[in-house]
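Shared chain: chain A. Partners: chain B in the first complex, chain C in the second.
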Partner chain A sequence: MAERPEDLNLPNAVITRIIKEALPDGVNISKEARSAISRAASVFVLYATSCANNFAMKGKRKTLNASDVLSAMEEMEFQRFITPLKEALEAYRREQKGKKEASEQKKKDKDKKTDSEEQDRSRDEDNDEDEERIEEEQNEEDEVDN
Partner chain B sequence: MEMVAAPAGSGAPREEEGPGGEAAAALPQAPTSGPGARLSRLPLARVKALVKADPDVMLAEQEAIFILEQAAELFVETIARDAYCCAQQGKRKTLQRRDLDDAIEAVDEFAFLEGTLD
Partner chain C sequence: MADVAVGKDKCGEQRLVSLPLSRIRVIMKSSPEVSSINQEALVLTAKATELFVQYLATYSYRHGSGKEKKALTYSDLANTAEESETFQFLADILPKKILASKYLKMLKEKREDDEANDDESDDGEAES
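Then we have the complex of A and B:
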């Protein structure tokens, strides 16, 4: 489903919060100004994307990556963003790594548990081996043949 | 602007580039909660929608989406502050639309916005 440019806006509440936190206490913002900043932010993302994509294409890559975006910032003369962005990226990578390790550990634990359950079952029911196997295949993803 | 849905979600091969390669490009459900999202105020799904709106962009790593979101936040802060300087000159405590227009005209980096906000 194609999206119109007008639909590609960012949530007003969040935009407002970011603005308010950037400004001194007691400063207000009119609805029109806030709405214009929100649109400007969307345009910024679109422009940065296009710029970043040029870098990806230059590198003969089809996938936009973080360093393409950083290069785009340089190109767009937002060099002052680069250091904070690099820091955010480091923090993001640490989080992602932690999350991945946690879910891999969970999967290992789950597989161990499943394997030992399966060995118990096939010992008990030799008669219904075929049926069992079908059932196993349906239930288990990485089934190892017994 | 012509909108072409990027093929990313429709069985396109997963790109392996970069350290964030594991989460590449099929642009799966962007994290709107959980790790990574803690650092983001703007929903990554919306940023992703903007990226996908570009017909030339095929695939984007989750990291790229995240960095774009962070850059957008920095941009909002920057333009708000620059616009406020203009309001201060008018000795007002409320930012108006014209302050924004003045900032766009005054600051070179905002030149790309000219004509886009009307």
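Then we have the complex of A and C:
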């Protein structure tokens, strides 16, 4: 897949919002400054990825994982990011676990519903049989009486 | 793949990550040596990038000359890239700007220096 140049950029609106929330109220950010920060962010991703990949390769793995990214931050001297990143990772894992449990519960409920529908159907059949038997018994009694 | 995560969801809670994971993934994959990326690594990279944007912005603002004007300018960022070790890796993409006239003057001076050196090394040979 060939990437167009703009694909390697991050959306301006989101970048601007992150900057505005970080700076004190009323601070003006020039368009050039915004664009520069956006470019810097893309370069940061590349640098972090390359660094993380080195750790993966050291571990003889082909897939980048969370600990590779954390090690990369340490290496790049962004230790200040490590604690918030670990918190984010915990939150993400909890969220994933919650989603998994919710979908498993849904499946269980669905299976239970299907089972109970089958039970209802067979119960109806049993009732029919019982009714037939009762009728037969009554008939027999009638016969005996006669 | 619904990866676009907005800042706040319907309940007003802070979403984990604001930057779109799909875009982050594209940038990461553009790196030739990378084979595959686990979902957690993707989320962490996106989060780290947000932290980076915040850090770069606040650092540049605090150390920049725009503070009196209550503004963040390009030169604040370029100064950060040049002066801070942590942000050195940005030096190439955030070069300091100089006036065009100053640059032309620098070029001229350099050319004169070069010519002076050439004259010294020449043994009277005519330049072709």
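What to note about this one:
Just so we're on the same page, the second predicted complex is superposed on the first by the 110 of 146 C-alpha atoms of A that agree within 3 Å, B and C clash if a C-alpha of one lies under 4 Å from a C-alpha of the other, contacts with A are read in each partner's own complex, and residues count from 1 in each chain.
The rule is simple: a residue touches a chain if its C-beta (ideal position, glycine included) is under 8 Å from a C-beta of that chain, and two chains touch if they have at least 3 such contacts.
All values reported here derive from a predicted model rather than from experimental measurement.
When the two complexes are overlaid on chain A, chain B and chain C occupy overlapping space and clash.
When the two complexes are overlaid on their common chain A, residue A:40 makes contact with chain B and with chain C alike. Of the two partner chains placed by superposition, only chain B is touched by A:100; chain C is not. Once the two complexes are overlaid on the shared chain, A:65 sits against chain B and chain C alike.
In the superposed model, A:17 lies in contact with both chain B and chain C. Overlap of the chain B and chain C interfaces on chain A: residues 3, 8, 10-11, 14-15, 17-19, 21-23, 26-30, 32-33, 36-37, 39-50, 52-53, 57, 62-66, 68-70, 73, 76-78, 81, 84-85, 88-89, 91-93, 95. For chain A in complex with chain C, the residues that touch the partner chain are 3, 7-8, 10-11, 14-15, 17-19, 21-23, 26-30, 32-33, 36-37, 39-50, 52-53, 57, 62-66, 68-70, 73, 76-78, 80-81, 84-85, 88-89, 91-93, 95. Here chain B touches chain A in the complex through residues 1, 3-5, 15, 17-20, 22-25, 34-36, 38-39, 41-43, 46-47, 49-51, 53-54, 56-64, 66-68, 70-77, 79-81, 83-84, 87, 93-97, 99-100, 104, 108-110, 112-113, 116-117, going by the rule given at the top.
Per the touch definition, chain C reaches chain A in the complex via residues 7, 16-20, 23-24, 26-28, 30-31, 33-38, 40-41, 43-45, 47-58, 60-61, 69-74, 76-78, 81, 85-86, 89-90, 93-94. Remark: chain A residues 1-5, 8-11, 14-15, 17-19, 21-24, 26-30, 32-33, 36-37, 39-50, 52-53, 57, 61-70, 73, 76-78, 81, 84-85, 88-89, 91-93, 95-96, 98-100 touch chain B in the complex.
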